[in-house]
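Provided herewith is a single structure, encoded as structure tokens, for subsequent inquiry.
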Amino acid sequence: MDTRDQFRTNVLTSGHRACAGCGEAMAARMVTDLIGPDAIYINATGCLQVFTTHNQQSAWQAPWMHSVFANSAAVASGVEAALRARGRSTPVVVQAGDGGTFDIGLQCLSGMIERGHDVLFVCYDNEAYMNTGVQRSSSTPHAVRTTTSPPGRLSEGKHHLKKDVISIIAAHHMPYAATATVAYFPDLKAKVEKAMSLKGPRFLQVLSPCPLGWDHDAALTVQISRLAVETGLFPLIEMEYGDVTGVMRLARQRPIEDYLHLQGRFKHLFGHQNDNGNVEIRHLQALADARIQRYGLLDAETEWTTASAAQTERHGRGGYSISAVKQEVSS
Amino acid sequence: MSNLSIEPGSTTAYHTGEWRQQRPVYRDKWPPCGQSCPASEDIQAYLALASNKEWEAAWRKITERNPLPGVTGRVCHHPCETSCNRTQLDTSINIHGVERFLGDLAHEKGWRHERFTEVSQPQKVAVVGAGPAGLSCAFQLARRGYPVTIFDAMSAPGGTLRSAIPDYRLPKSVLSGEIDAILALGIELRLDTRIGQELSEQSLQDDFDAVFLAIGALKPRSFSSIDKSDHSVMSGTDFLQKINRGKSLSLPKQVAVIGGGNTAIDVARCARRLGAQVTVVCSQDRPGSHHGHADAQMPALPQEAMHAEAEGVRILFRTGVRRLVRNGQHLSGVEISRVDQVHDRQGRFNPVLFEGTETFLSAGLVIFAIGQEVNKSGLENLMKDGELGVIIGGDAAGKPRFAATAIGSGYQSAMSIIAYLTGIPPVYENHQKTDVTYKDLHTQYYPLLPRQDELMTEDRLSDFTEIVKGFSQGETLCEASRCLSCGVCFDCDNCWHFCPDAAVIKKPNGYEIDYNYCKGCGICALECPSGHIDMQREVG
Amino acid sequence: MKMLLEGSHAVAEAVRLCHPQVIAAYPITPQTHIIEHLAQMVANGELSSEFISAESEYAAASVVLGAVATGTRAFTASASQGLLLMTEVLFNIAGLRLPVVMVCANRAVGAPINIFCDHQDSMALRDAGWIQLYVSSNQEAVDSIIQAYRIAEACELPVMICMDGFFLTHAFEPVDIPEQTAVDTFLPPYQFSRMLDPKKPMTLGGGSEPDNYLEYRAALHNDMEKTLDRIQRVGSDFSQQFGRGYGGLVEGYRLEDAEIVFVGLGSLIGAVQDLIDQLREQGQLVGALRLRCFRPFPAAALVRSLSSAKRIIVMEKAFSAGAGGIVATELRAALYQAGLSIPVDNFIGGLGGRDITPSILEQIFHTSVSSDAAIDCRFINKDDMSHAEGNATTPGEGD
Amino acid sequence: MNNNSQHEIRFHGRGGQGAVSAAALLSLAAFEDGFNAQAFPKFGSERRGAPVEAYVRISSSPIRSHNQIYNPDVVIIQDSTLVHSEPVLEGLKDDGLVILNSDHLAEQRNNYSSGALWITVNANQISEELLGRPLPNTVLLGALAASTGWVSLAALEKAISHHLVKKGETIVTANINALREGYRIAEQQEEAIS
């Protein structure tokens, strides 16, 4: 066990072989740190499994098992049933990529939710099959370049839209489904904590940029994740029993180009002789606009906006959270 | 079958740090507030402490450099706020409000300054002048164990803080309270003592191992080029001194104040409180006005000018005095004209008036507040260049005439005196730090929260009661929490949370990067709100 | 207690006696009655298990995988397409060395789709790393399930009880259901050694490299071979306690001086034994050998039982397309390895539920003894059947 | 009847008429009487109205074979229409027995003459009277018991009580009455024939 850090267990600790700046490693570390080591983690096949359990070494410091690609929700169902049979209440958490959630794992996930298993399923959504070298998945957004949706004379990248998986999941009439991303840790924290406070099947979709597959500078992982939200492309929402019960409103909407420019996977859309690329950029802008409209992301401003969600907590030296200050001032 | 399960955390045997091409380094920067503070206060540090409600620690942090926070919180021109990076996000931090709160709280709670050492040094130091520079120097020396004696010509300590600043800006009780706390360190104060009169230069040199001359600039600049008579004419410092000594003055109905500095404004506002109609004749532009050169703007604090106008003082900008208009001895007013250039080619203050713009300004009294000079009389020997063991500081050293500058000068002088006495050169740590500008910050992480300004009393003109109210604890907390902590870690945990490799280890007093695992992605540096992390290329 | 029960019901009773804490399944004919009975037992409060109706066999196998890894005993059952849908997970269970026990109600594999019995489904999984026991009666199914848990838990390897769909699962037969106390003595409570537990966190199912993968898999093979002893021993322990035995790995019938030996698996052996009796009455030196344990392959036990035979007839309800009968091929290899050159005739029949009637069996015997060369692989086709029902001619050559 | 140690009975019916249940009840009764018994359906998915077969073996020694029954001692035909469409008599032993559910007693026997003994019971009518709907299987089991003596009426009654316990006492009683009625009619017929 690694006990370097006295303030957390590092459920996912150092020495793993994720790329520098890996969004999935970041997301998984955040989520597992928030849940802690007193839980059982089931992992689908994918980058996370590969880079954390390489060559007889494990980066996990909690009970963790990987079976195969598609079945993690079903394995977790069995784990949870076994715990119930043994009278234990250890939390059970599934971690899967978008392939293991949107595509090959969707059936098992649906079954798990329908049967009401007390499991938190966390999807680290990096919008393609990164482990196998960047192939498109049903999570890959429109117009993205992957090795199986390559741009060419007749193509501007992926032809199809990103699957709206959160709606599919929430339609199971389940206790809690939410989207989150690494850029907004306070928001992610609140959602993990909320999910962990509930019983039954719960689902988190955490957008996790991939420097390799999205073709961006390793340092930009958080920045790009933030822009995905601020452009409206990736709304941060909460759903309970099929209804939207929370959205993180945008302090302002950023133009889609701010997001696209930073990523090589959209590079083919720019600097075109013909204007096909421009059409796709406008299409992506329209998709973002539609999501903003659908979830009311720019409606009357509330307390909970991107600005406040990004705010930092102050601990220790000069530690005082702004909400506590406000309370103090008003009292 | 033991190999079928893997030991937890066993990847730590694999050092991914070998992948790294650049490394993050935590590095404290020098925030602009601290850089611009003439007293070199570590403003970021005490705001951080205040935001944590560590009031006493915050006060002690200020008083490392400035033993007069209650004073400076009121009268300082606070360049810290002008330079504050937060200005570009929304509005600057109200630093002076926090400072004043802490100074007042210290007085209220009776917090005492502590000596750094109980050892009494053998060398004695004389400080001439009990103004802010002298008090600051004496304070620093006394804390470090040096026996200090302060000499002052006046009958009460404080220098111009006492003589020139009216009560409604700085109540005497505040000044006295802080001076008493300084003197409580064991400093001897000898009032009504003029060097060259009550005490000879020689005995000062004989009795002390070092001398700090902080005699101020008290001699009013002569206005004889304008008018030779002294009837119905006085200097601003004299006027303020009289008021601050509590003398009751009766003024004519109309008073003209000549000058654009803080003294001029103070004079005007005092005269206003004494019932006069007051007009300030100022050769520079209104502060913040667009035309003209920056140093062609009125040197008084903009908000002081605003307060004055709010109180009914008329300020005539870009206006100069050509002559006083007299009927015999009797003063009937001032002939004023529009000003062309404020400074001459050598950069000296030398306004040029436009012909044909003359107007008459009616006044029964003209007060000149056009600056002061150092009065070296009685100190000619000590003030010779190269005199060993003598240091000149404060206004007397020709520095800009601000209280904070004098306090800073007092600190630096104390350090120089110690260096002289010990032979060990002083260390200025901040000078090795780099700047942190607005673009070095990640402002996304700071919630927008508007600045709070202090409230004012409603009835200002009936007496000399202080007009600006101090912050409440809640307001102070709120302002302190607005600090962006430029270039300095404030334990936000971003690097700790965001590191995909768990290579940031949280410690009770900050963070440490475990270079065994850091892959050098650069996320921590980019996402650090305060610009505290630098990325460096790995070499070799 | 001896009862007349449908095979599926008997299996459910046996499972109940073993106290699996988690049961997961997905319906597929002819396995369905087993899980229906178990669901009813849970609904009635007669069986305290978590009954998980999975959304596919793939999920059902995954559920029991998770359950066993979390320290419980678990059970599932499937057949045919369902078993094949489980394939990936079943390989994984074996690779993780999880002591899962399941029943395969043997059924044909499409296309064309067919719900009736043969062994093509479980045989297709012969390389998965599961112990496979083929039972010949419902009593044996009951007894083997109880044994299976003990074998699996002792060896940390999964066990599949293969029972013929319909022939056994849907047949009412007298079955002696053991007493709970007796089963409890035979099968003490169990918890998986590498259990997922926050108190002792471990990583299961991590990645491997060219560097170490082969050693994992070789260990699987070696450990599988080692279970032969255990299967035998558990069989004799059971027989000692309950008075019923099935020979452990193989079960011989009238082998003493047999020159011609029928070899087969599953419920077919009853009819073969009837035929042996009949042929013995006619003075033929025949015997039968039932392969109870197919994985691990009991080569030594087979060679021991067959070394004095002059001719061997292997009847199989499965084949490897393009290679022929699976048991025959492996048996020939075992004999060759033992230096024995006994001709092995291979007949493939009973596919998709087609009955191998007594008269067909008789014809096979005659065909075999009248053939000079060993019959490599012959499908007993429709013409053979019609002939069989009419008169006793030899099977047609059209294979 | 023959004295072989093993008896094989084949049921023909249509899905929903209870042929498989009848086979199970018969085997349960035989087991109750101390015999070995085996019952199983001709395999296939159940479809209401489609022809169904079920088999029973009763033996004093253990039953090893799991083959279907090709040469039955008894054929029980639960629906007379099957006589025209299905090879219901195929493989029936020469001295076998046919128990037919029909209201045309003599006619059936004449049309399908063979060495076998025919017992015809109007089980639809009886079951309709006693059970409220045409469920001929228990009536025909009664007839079988009467005409073969391989199982006792008491054992069949016990099997019915046990097997149908979940359906409630009324159904059990009605079925036992149906069983007894079938037994009575077959007994009468056999007397008449012999």
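Note that the chains take the letters A, B, C and D in the order they are written out, and that residue 1 is the start of every chain.
Quick note on the criterion: a contact is a pair of C-beta atoms (placed from the backbone, for glycine too) under 8 Å apart; a residue touches a chain by one contact, two chains touch by 3 or more.
No experiment lies behind these values; they were computed from the predicted model shown.
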Q: By the contact definition above, name the pair with the higher C-beta contact count: A-B or C-D.
A: A-B
Q: Return the distance between the CA-based centres of chain B and chain D, expressed in whole Å.
A: 113
Q. Between chain A and chain B, what's the gap in Å when you average each chain's C-alpha atoms?
A. 50
Q | Mean-CA-position distance for chain D and chain C (Å) | A | 34
Q: Provide the C-alpha centroid distance between chain B and chain C, rounded to the nearest whole angstrom.
A: 92
Q. Residues of chain D that touch two or more other chains: which are they?
A. none
Q.
Can you pull out the residues of chain B that are in contact with at least two other chains?
A. 3, 6-8
**Q.** Of all residues in chain C, the ones touching two or more other chains
**A.** 96, 201-204, 206, 212
Q: Using the contact rule from the top, write out all pairs of chains that touch.
A: A-B, A-C, B-C, C-D
Q.
Could you list, by residue number, the parts of chain C that touch chain B in their complex?
A. 96-97, 156, 194, 201-204, 206, 212, 215-216, 219, 223
Q | Contact footprint of chain D on chain C as seen in their complex | A | 4, 6, 29-30, 115-117, 137, 164-168, 170-174, 267-271, 273-274, 353, 355-358, 389
Q) Taking the complex as given, what residues does chain B use to touch chain C? A) 1, 3-8
Q) Which of the residues in chain C end up touching chain A in this complex? A) 21-22, 24, 48-50, 52-56, 58-72, 74, 88-89, 92, 96, 196-198, 200-209, 211-212
Q: Using the touch definition up top, name the residues of chain A that touch chain C in the complex.
A: 37-40, 42-43, 49-50, 52-58, 60-68, 70-71, 73-86, 90, 107-108, 110-111, 114-115
